[in-house]
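Starting off with a structure, shown below.
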Amino acid sequence: MIAGIYTLVILGGISYTMERTLNDYHLTVVEFLGIYVILAVSLALTNSFTGLFSLGHPAFMAIGAYISAILTFPPIRKAIMMPALPHFLANMQLPFCLAVIIGGVIAALSAFIIGFPVLRLRGHYLAVATIGFMIIVQVLITNMNSLTRGPLGINGIYPYTDIWWVYIWVVVTVYTVWRVLNSRFGRAMLAIREDEIAAESLGISLTYFKLFPLVLGAFFAGVAGGLWAHLVTAITPSSFSLPLAFLLVVMLVIGGKSITGAIIGALLIGIVSELLRPLEMATQMYGLTQIVTAIGLLAILIKKPGGIAGSKEINLVSLYKSLKVLR
Amino acid sequence: MLKVDGLKKWFGGLLAVNDYSVRLEEGEIVGLIGPNGAGKTTVFNLITGVLKPSAGSIKFEDREITGLKPDKIASIGIIRTFQNVRLFGGLTVEENLRIAHYTRHNYRLYDVFLSSKRFRKEEEKLFSDVSEYLNLVGIYSFKGYRAEDLPYGIQKRVEIARALISKPRLLLMDEPAAGLNPNETEEIMELVVRVREMFNLTIFLIEHDMKMVMGICSRVQVLNRGELIAEGTPEEVQNDPQVIEAYLGRKRVA
Amino acid sequence: MSFLSIGYILQQVANGFILGSIYSLVAIGFSMIFSIIGLINFSHGDILMLGAFSALAFITALHGPIWVVFGMVGVVGFLIGIAIERVAFRPIRSAPQVTGFITSLAISSLIENFGILVLTAQPRSFNIPDYLNGLLNVGAVSFRVIDAIIVALSTTIVISLYMYTKYTRMGMAMRATAQNIDASRLMGINVNRVIMIAFAIGSSLAAIAGLMWGAKFGQISPLMGFLPGLKAFVAAVIGGIRDIRGAVLGGYVLGFSEVLFVGLLPPDMSGYRDAFVFTLLIVILLIKPEGMLGREEEVIK
Amino acid sequence: YAGGVIKIGALYNLTGEMSSIDAPALNGVKLAAKEVNEKGGVLGKKIRIIAIDTKTNQKECATAARQLLSEGVVAGIGYGDTTYVLAAAPLFQKKHVPFITSGATLPELPKMIGNYMFLVPFGDNVQAYAMADFLYKDLHVRRVIIWTNKATDYTLALSKYFKERFTKLTGKKSILLEDFFQTGDKDYSAQIARVKALKPQPDALFISSIPDDIGIIVKQVREAGIKQPIAGGDGYDTPLLVKVPGPKLANDIYYTTHQAWDNPDPVVQNFIKNYKRMFGHEPENAFAALGYDALMLVVRAIKRAGSDNPAAIRDALAKEKGYHGVAGTISYKNGSRVPQKAVAIMKVEQGKIKFVKMVMPNM
Amino acid sequence: MLELKGVDVYYGKLYILKGINVSVKKGEIVTIIGANGAGKTTTLRTISGLVHPRGGSIYYNGKEITRESSNNIVKMGISHCPEGRQLFPYMTVRENLLLGAYLRNDTNAIKEDMEWVYSIFPILAERQKQIAGTLSGGEQEMLAIGRALMSRPKLLMLDEPSLGLAPIVVDKIFDVIKELNGKGVTILLVEQNANMALEIAHRGYVMETGKISLQGSARELFEDEAVKRAYLGG
């Protein structure tokens, strides 16, 4: 408890300092890192903890992004850019916070609807079904011109996302997932990951405990999508597609099967490409970033096939104890 | 407490269980024996809902449970162990037991987020229970090991502890003594008898170790090619010529 | 609609068949590797790309008969497969499946970005001798010589491969390795060799499919591999991954559904094609959760 | 260079799907910078291009744009596609640094983003109108079918404007069929069959495609025995148009573009020569020329402004009256930041690309 | 015939086998008994090359096989019927047996051996076409033993062959082991059913937490008070 408050304060302090000292670019990088953390940690719910191989996260992000963008868009500009919007949407403008939450909720709802039939599938069958879901969402967004402006996407979204929103949502996400994981709900998920039959024979409902992480994860993916949209300020159907899903899975795998792992993976992947960029700019060999990243990735996988953190978590209390902050 | 009537199970063209019936009374230990492939495990799979019966009915405390999903049946209080040991292999022994505590919790999702009193109370109970059950089965020293790294014999015990901690009313055990040496088997026998008394458990037991079956069962059923060929006290069954012919072998009689 | 004549439909079926033949060739290679070590190999499509570029090089340099090029490309794919398995996949063989998947993504990124660095991202034309482009007419259906070669060749390859895995010792060893590596070792099977050969064959088929792809569509690029790789994965899964016949079936289902959805949907709905294709695939999976030819045979003990 | 450097940012997708369009554009920018620096730079300062690969990913666009701005670039150049401009340009607008897109052709872009946004190419409306006029007047086409790539904004816009103009010229019934495909499609047999089934047959096919697909489309259309003229926009300006179908099939194709490579104009021919010298091959497509022009426009503006202050550059840019570039002559008139420039109409005949004429459609 | 000298085995950081010495002479039946987790299974896995030792060495017929790969070790005539059956679950009973004879080319003799296995376990003959994964536990164990027999080994290593089998089948298996041994096959047997194992074995080893704590002739062990107390039951 005290450790938790310490952490909140320290992170808050860091955020404050960053907001004060960093330039726009570095601040944006930090904000994206936060969004990556939200994405990775929420995807870990299904992929790392429940053993469901989902590649559908970008679809939920897309839903959250589009919904929240439409909701925060000023009605005057909507009248010009999206004239065919249904009446109630056309006149609506919601505060950012609310819009993002609604985006998350609708993403979660869609996860619920798609999850019911699809979660009967396992492993790669599930992976293909979630890829399919993502493509379907993408096609719908592309073709529903009147709502989404088709391939052009929505631009001119107000850049509401700042380091504080990211900070809050990172904290909420990590806290939620951490709490869930250390309760009967999280243990039920782990059980399903390890052995579905045994889990069922102990009274754990497969339907419920597969849907639960998917829906919860989708909520945070939707929120992350909303933050993303209001950071990039322009979204298109292809902003949220398979390569992004792959990127997220990469984060989880090199990080390890834990919250700590997901965070490490997200930060590592997010930082590395920024760190390598000067190298690429200096050599003018474009593609070098990806090549170096890939080689690094291979090296990590060969050295640490279970990910950097494995399935271990950082124990905040003992961390502070060892730092002699807490007695 | 458990009433099974006219149970049948077809696998393609194979009638693995034919017209099987059983009654279990509260607190009994009943044995189910028979040659390999007789259909014993299949009977367990049918009772626990892992397989759907082709015909017949299963009642638990007068409640029809035929065709219910395994998790429903488990939450009513019928828990099993598996012949081929199905632990949560990647997790530690301790975690295996915590998971099984599942059905005994009542707290809700919001309790988790708020870390409510109810949540904390139940989780504390969980921690003390896990230690208690680990000790009960004699595997406390293994609590930090990953289950799949453990030797077979210990895994069998972990599975029993895991089944017990979920507080079953009826416990189905599929060959708990397989892979144990005679001494260890005796320990398991004692354990089974002890927990039956402690928790007023009803136990249905599949086992090929005759010492165990004869030692603790009050009644024994013998299944052969899906059909019951004998039923009675251990002594009666042991001397049944059909059972000797099909299962025990002549050597053992001597 | 006026264009929905019998001839039109037959033509679409033929087109679906040709496309399906290429897909199934890619998918069968994918599925071979998958079934043996449970690896979703997303670099499979990039091997297809390498095959296509080496084919282009051979065609430009050699002016030899097309079957020689097919042979050489097959050999190139074979060697690439061996190299990739040795360097990247063998060291992580005992790691969880998803680690292999990520490794393949890394390989894929490596190949693609090297491709861009060396070859530039510009697509290139892939021209084949004129006689291969000759038009053939059978009844109302018309297709080109190369199409006929593609169908004939992939059918032959697919059938011989099936025979190979079903009836040879190596095939038996492959199936065994796919199911239980340790037990296979105990049977005296050289597991490393088996996996290497599966990789080599699978990659060789991808490379040959790359040549077909180039020859059929006339254009190749360093990034061309992504889509076929994805489609191979989808096809293999839809078909049921344990059986390479499943991959073939999946390949044809995918090929047909892509062509037929464009062919039969009204034009202004054709933007929804991929949504229809994937809805169909999901429905198939829901009806047969283990793929069309897959079967679930786990007995709970 | 006593005066130090002037930093100009270049944002392009050098890897990923868009790289075949964007990489040549950056080459054009680099070539222009080299030429300027060899001649002593501008205002006594050297031009330094800070180029970032944004990986065909909008998120990268947004971070890279901020990185450039934090490095103090005085102008940004970039992209051959609207989608990415929309992610990057608003940040330049917000910091009051001009952004010049070398290749995106959506005419509404400056309106959408603001007064710091400029286009080097003509808008899609201009080229689509030009083609509609040309088909109608010069080729006497009365009935067309339209194919549109539904997955990109460029192709949708092009078809939209073409349809608008063509129906104005001939009436609604002149469009016999509208059909669609998507980026990366490889099989057009269904669309082709639908064209063949039409009665009466169209006089021409207007196919709105990006460079990477058009070669395959022409190949399949011609192989299927459709002989009518094929027409399209600057997406056709790629060697693939001829190379993929081969010289026999690449016939009777008309397209609008920014410049004719066989234009004897020394500006054009020098560009080709210098490009070849610097990169070892001829310009891949028109985007190379556009990238070159984009930087030259900025340099001219700096000169005219006599300062490398971004606001001053913007004002000078907006007053551009006739830069004679590789891809035509550019002037921004009446406060418009989309150039008024003539459209080149090209014809492909037996694999040979020929310049037909320059058109300046009345809008 | 087989000799383990000071073999050290680790699983990751865990020290499992601590310098064990075991030898098996040609024509012997040798049994290893010991409590759960003593390291019996690990010993067999080390011999057949599934795990490689970090220290010590293993000789087979005078040749060092410490670092040899499994498939080569199998080629030398060692057959291992592993713990947990390790069948090929999607293959039929027949195919599993055929794989047992993977290294053999004598088609007719293979057929004969298959008939022989079927005669030992008639239920397997009935189930020939069934997928191994769907067999009952005991049937699977029989198949695993049958498969190990199919390679006509010179040295047969069995890891708890009686596990999950009906009493009548257990008797049968011990008969078969004796019969094989009579035909010259050397046998290394790990068993929980220590009574029966010591009954048919010539010599035995007792293992405790990764070390050999006792060894001797089967008779000696059988009569050893400590062994009786610990492993043979009251």
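For clarity, chains are labelled A, B, C, D and E in written order, and residue numbers in each chain start from 1.
The rule is short, and it goes like this: a residue touches a chain if its C-beta (ideal position, glycine included) is under 8 Å from a C-beta of that chain, and two chains touch if they have at least 3 such contacts.
Treat the numbers as computed from the prediction; the structure is a model and nothing was measured.
Undergrad: Determine the set of chains touching chain A that also touch chain D.
TA: Touches both chain A and chain D: C.
Undergrad: Among all chains, whose Cα centre is located farthest from the one for chain E?
TA: D
Undergrad: Using each chain's Cα centroid, which is most distant from the centroid of chain B?
TA: Using the mean of the C-alpha atoms as each chain's centre, the farthest one from chain B is D.
Undergrad: Tell me which has more C-beta contacts between its two chains, C-E or A-C.
TA: A-C
Undergrad: Starting from the mean Cα coordinates of chain B and chain D, work out the distance between those two points in Å.
TA: 73
Undergrad: Measuring centre to centre with CA averages, how many angstrom lie between chain A and chain B?
TA: Distance between chain centres: 42 Å.
Undergrad: Round to the nearest whole Å and give the separation of the Cα centres of chain C and chain D.
TA: Computed value for the inter-centroid distance: 36 Å.
Undergrad: Go ahead and note the Å separation of the Cα centroids belonging to chain A and chain E.
TA: 51
Undergrad: Two-or-more-chain contact residues of chain D, please, as numbers and ranges.
TA: Those would be 14-15, 19, 23, 150.
Undergrad: Of all residues in chain E, which are in touch with two or more distinct other chains?
TA: 134-137 - these are the residues of chain E that touch more than one other chain.
Undergrad: Can you list the residues of chain B that touch 2 or more other chains?
TA: Correct list: 41, 50, 82-84.
Undergrad: Going by the contact rule set out above, which residues of chain B touch chain E in the complex?
TA: Residues 11, 34-38, 40-42, 83-84, 149-154, 175, 178-186, 208, 210-211, 246-249, 251-252 of chain B touch chain E in their complex.
Undergrad: List the residues on chain D that touch chain A in their complex, please.
TA: 14-15, 19, 23, 50-53, 55, 57-59, 61-64, 66-67, 69-70, 82-83, 86-87, 90, 106, 112-113, 150-153, 156
Undergrad: Within the complex, which stretch of chain C touches chain E?
TA: It is residues 169, 172-173, 175-176, 179-180, 182-192, 242, 297-299, 301 of chain C that touch chain E.
Undergrad: Taking the touch rule as given, give the residues of chain C at its contact with chain D in the complex, in rising order.
TA: Interface residues on chain C, with respect to chain D: 2-3, 5, 8, 11-12, 15, 19, 113, 116, 120-127, 133, 135, 144, 216-219, 221, 223, 227, 258-259, 262-263, 267-268, 270-271, 273-274.
Undergrad: Give the list of chain A residues in touch with chain B in this complex.
TA: 175-176, 179-180, 183-185, 187-188, 190-191, 193-195, 197-206, 311
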